[in-house]
Amino acid sequence: MIGVGIVGYGYWGPNLARAVSESGVARVEMIADMSPDALARAAQRHPAAKLTTDIAELIRAPGVDAVMIATPVHTHFPIARDALRASKHVLVEKPMTDDVAQAIQLVEEAAKRRKVLMVDHTFVYTPAVRAISEMIGAGELGEVYYYDSTRVNLGLFQRDVNVIWDLAVHDFAIVDHLLDQRPVMISASAARFLTGSPENMAQLTVHYDGGAMAHLNVNWLAPVKIRQTLIGGSRKMVVYDDMQTSEKVKVYDRGAMCSADPYEKLVSYRLGDMHAPALRAKEALLTEVEEFVRCIETGATPLTDGLSGLRIVEMLAAASRSVELRGHPVDLTSLKVAS
Amino acid sequence: MIGVGIVGYGYWGPNLARAVSESGVARVEMIADMSPDALARAAQRHPAAKLTTDIAELIRAPGVDAVMIATPVHTHFPIARDALRASKHVLVEKPMTDDVAQAIQLVEEAAKRRKVLMVDHTFVYTPAVRAISEMIGAGELGEVYYYDSTRVNLGLFQRDVNVIWDLAVHDFAIVDHLLDQRPVMISASAARFLTGSPENMAQLTVHYDGGAMAHLNVNWLAPVKIRQTLIGGSRKMVVYDDMQTSEKVKVYDRGAMCSADPYEKLVSYRLGDMHAPALRAKEALLTEVEEFVRCIETGATPLTDGLSGLRIVEMLAAASRSVELRGHPVDLTSLKVAS
Amino acid sequence: MIGVGIVGYGYWGPNLARAVSESGVARVEMIADMSPDALARAAQRHPAAKLTTDIAELIRAPGVDAVMIATPVHTHFPIARDALRASKHVLVEKPMTDDVAQAIQLVEEAAKRRKVLMVDHTFVYTPAVRAISEMIGAGELGEVYYYDSTRVNLGLFQRDVNVIWDLAVHDFAIVDHLLDQRPVMISASAARFLTGSPENMAQLTVHYDGGAMAHLNVNWLAPVKIRQTLIGGSRKMVVYDDMQTSEKVKVYDRGAMCSADPYEKLVSYRLGDMHAPALRAKEALLTEVEEFVRCIETGATPLTDGLSGLRIVEMLAAASRSVELRGHPVDLTSLKVAS
Amino acid sequence: MIGVGIVGYGYWGPNLARAVSESGVARVEMIADMSPDALARAAQRHPAAKLTTDIAELIRAPGVDAVMIATPVHTHFPIARDALRASKHVLVEKPMTDDVAQAIQLVEEAAKRRKVLMVDHTFVYTPAVRAISEMIGAGELGEVYYYDSTRVNLGLFQRDVNVIWDLAVHDFAIVDHLLDQRPVMISASAARFLTGSPENMAQLTVHYDGGAMAHLNVNWLAPVKIRQTLIGGSRKMVVYDDMQTSEKVKVYDRGAMCSADPYEKLVSYRLGDMHAPALRAKEALLTEVEEFVRCIETGATPLTDGLSGLRIVEMLAAASRSVELRGHPVDLTSLKVAS
């Protein structure tokens, strides 16, 4: 059974530890955190796990086959690099790094060592996104025209990263997974309404080489929580509402067609049935841990591998540049990986 | 009682004629349309009105004190100009014109003749927008940070104008009315997914001189109809959902505040009550006709006068330029009126 | 083309007249009302129709082939009887009468004269109920276990009839149409919270001979408007929400099964997909007028014929008896028609 | 600190144990369960707690000041009785017993020993019900006319109790707490659609001595989960929707009034604002444990004391009798406690 070392037992680390425990295919071998309180909580929940305040000790521990990193973003790079160099597999929180060059270095390091490098883009493993991905793969939506997401709520303001790196990162990962197209241009506008805090509201538009458009609306200062995504295709369209307790994914047999005949009406509409598939009940994080273990054991490439993590960091960096340019579009075709 | 001539009895003209009839403060004197079928329908509904296929005849008719124009956009300018020159008051469909220079000319013509020039931005007269306007005016929301609108549905594709001129025009008019700030920059991205038809999906971001941001998401090719606007203020925030049959406007006593103390948490949150004011039941169009007649009789300036109509045409034109530049922001400070 | 005489041009009569006009298969020949104001409104909308304050004149007019009755309930019987005796077809507002004996007399009169007697149970002709009816007919729901309806709102209090005769009548008509079972017992409780007004809140339970149960919750004094019906079947279940603007009917592939094996869990569950069929856009009243004309022309029996109208009056009368008995169940098997 | 013994560590027991741990005002002293697996899970979560398979051992343990009982209903009585006789305070799962005589005996036993006897009617301690209770207490709703609850979902079918004892028990407890009136009559109809399983659908109507009416609609075989309660008052009305993640409680300033003047309209309506109070975030179970400890320490009477538990058992028993009588109303005035 794979032995897992978890670095960081603050907000997200306990979830990773629990998922590893419940997975039945891996065990929590060691947990590292700087805070004695955090380690005390870890001891209570995972009495069999070794505990340490020294990350290096965890990385070199022989019982640790794989390292899961749930620390602040700017620390992802050195921890992941050291773990890979110690020939450990790595699952790192999203975003993979806060810098493109570091992301590239991690990808190269993993390739050199033939280790699994996976990024914890959890949404990709949710039953809802799995179902949509299968529909698109099967051609059910036809050509995908657009992905339009509203992801707003009140808080939590982050101290270090702005709303793009905190919320838009989810949609970048979902679109990267759903679309078989590459981004060519991104335009982003943002505003900060509380002095001294990072940008808390942003709109992003991404043009893809296949003609698709992604639009993201993210906001930490909205009165209500909205998690709604529209996906338009030439054959069908999807409404994915993550706030619904049931029927999160609705597929509409609706669309419009242009008439070739100049004497006809310009556009005709199709208004068919709606269908909400029953979704698997399995927790995303459990699916993700199983995927990680499967890739370690078989050498397969994870759905959210280092390369996808790098593409997303490139897009985040490009979006940040566009914000600095007050919305000026930024070309993505020159990017090493994303294009 | 004011005598009204209605030009165009297609989709919107019948609504104007009905509202005039029901207002009790004006009468339908004459109706002009090129189509005999349209005039036959007009005769049935308004047996006392004179009918004509000649717009010039309507404009010069002595019993016509005011002309309402409900024809295709590109014809607004010549009809409105001729009516003003014939010393008639004018209410023109939105957008006022499809060209800034023409809009300026109409405003000047109206000023010279001391006639009322009003634009039919109906949403400004809805009970929901009236209520929000009163709240903002009374300082209930505090400083307005943003206006974020999603206005999407399936169809109807227009042949001549794109989705910005068809749908975003509503939000431009609402924001122009609600905010006491001037736009300084606009960035717009759009896509057309049906070859041979105008752009059917667009995102627009407007920065205002007071620091506010407006964000519009408009789309003719969405599976469901959404009419949802978030308005964020420093004291309260509003959700305005026009698809609700009741409680269209919800006011949330929620917000975030930055701590000045560096040892405190960065941001603290306020999660108070929600309040949905009872809205007047009065139809917007009726309120609008009354406003038109009141301004004719008293010389007052309408809420949606020619100048506001011009500002909105300027913003639409700037948005179109930004779309041509694939999202490149367009400066609005050099605009004659809008800035 | 069938000539129609409309008796009563108050609240509902204008809708009937409009539907007849728009149907294209009948014409409004004459309109009768006691009120000169009502007749003036009728003249404006239906300039070709003859007008009268004398119902007898309408009934004997040679151009009137069929009489539609939209008057207070206690006047339905004499007007319908006289019309049938004058060999006119009759469409009468719901409920058919306020008395079982009178309802029987109308049915017998219609049979003797071989005239169409139809009751305006409009809901039966809505696209939503048509769709559900077709599903049940095709066996899609399996055995129907229950019909559970909540029909509440604020007002309008009626002066003459209580909430059962005003609101529950709709559900009685829908269930009568949907279920191929006969009612055997009814239990009803009601309360009046405003002194001097009729009962404004009631719960009704009906047991059917096939084992199904209907439950109705009707209330004129609810803060919000709810029109929600659950229909449970052995194979599928339906949620019919008439307040939704789209997806009024949702079909759930869900259910429970009892295990025969005593060592197994008692009950197992099926949690499958949800499906919302696209509904026809046709107005119910138009469908109903066409059905009325079709039955006049072909001798066919309407979906909501006099016999169904009688069954519903019998159920209303039995419910009223149960209310008087403070909820004591009333046997329906002795009823002439309903059982 | 109060030492708590928990009997039964199946579905609900772990929640009680967790709440005791988190409360900070009591500790988990001992846990009893017949199943070694359950005790193993208990050991992991509560390493400091003593474990036993012998309930008698738990009851007589000196460190156990209070016993919490989360076992099948038919075992509540002997365990609670023995605990009270051993001079322990008792918190027992709902319903208190399945038999009125046993409930009376527990109440008497607790009174004799001056021990706290409390029933775990958790809903009474939810922030939503607390807020509604405070409103009613402050007279905000005026005279309460009715309580109308829909509590339906798919499963879980219980083997031993029917849907009334499983679901309606919640509403009985809430109404018992909210209304300052006593029930005088109950009428209940039920049906079982799966052979061999208990009744899974029921409607209950309760008349109160102050004129109020309660109506409950409970169902285990509904396609969707609904937890919606309408509460009508003479001044305001409440919609309490427990499925909402925010705004569970909405207060409508709406109502109807009867006119005394016979020349006026019968009833006039008031359509005012809606208000959704911010609710405390505190978990109900935690509030309940604190209440239990407070009553033990101060001798105060809990909100959900043994007498209220007895009243609810009496109502459940009366409802069962009415079901046997196929809906025949059952008089409650002769009940020892409820009337």
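As written, the chains take the letters A, B, C and D, and residue 1 is the first residue of each chain.
By our rule, a residue touches a chain if its C-beta (ideal position, glycine included) is under 8 Å from a C-beta of that chain, and two chains touch if they have at least 3 such contacts.
These numbers were taken from a predicted model, which means no experiment stands behind them.
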item: Selected interface, B-D versus C-D, where C-beta contact pairs are more numerous; value: C-D
item: Listed chain pair B-C, A-D or B-D that repeats interface A-C [over half of contact pairs the same by residue number]; value: B-D
item: Chain A-chain D separation of Cα centroids, rounded to whole Å; value: 43
item: Centre-to-centre distance between chain D and chain C (centres being mean Cα positions), rounded to whole Å; value: 39
item: Between chain B and chain D, centroid-to-centroid distance (C-alpha), Å; value: 53
item: Where chain C touches two or more other chains at once, by residue number; value: 224, 271
item: Chain contact graph, described as a line, ring, star, complete graph or other shape; value: complete
item: Touching residues (chain side chain B, partner chain C) in the complex; value: 44, 47, 224-225, 243, 245-246
item: Chain D partner contacts - residues on chain C that touch it in the complex; value: 145-146, 148, 150, 152, 154-157, 159, 185, 187, 189, 191, 193-197, 201, 203, 205, 207, 211, 213, 215, 217, 219-224, 230, 232, 234, 237-239, 250, 252, 254-258, 266-267, 269, 271, 326-329
item: Chain A - residues contacting chain C, complex; value: 247, 253, 271-278
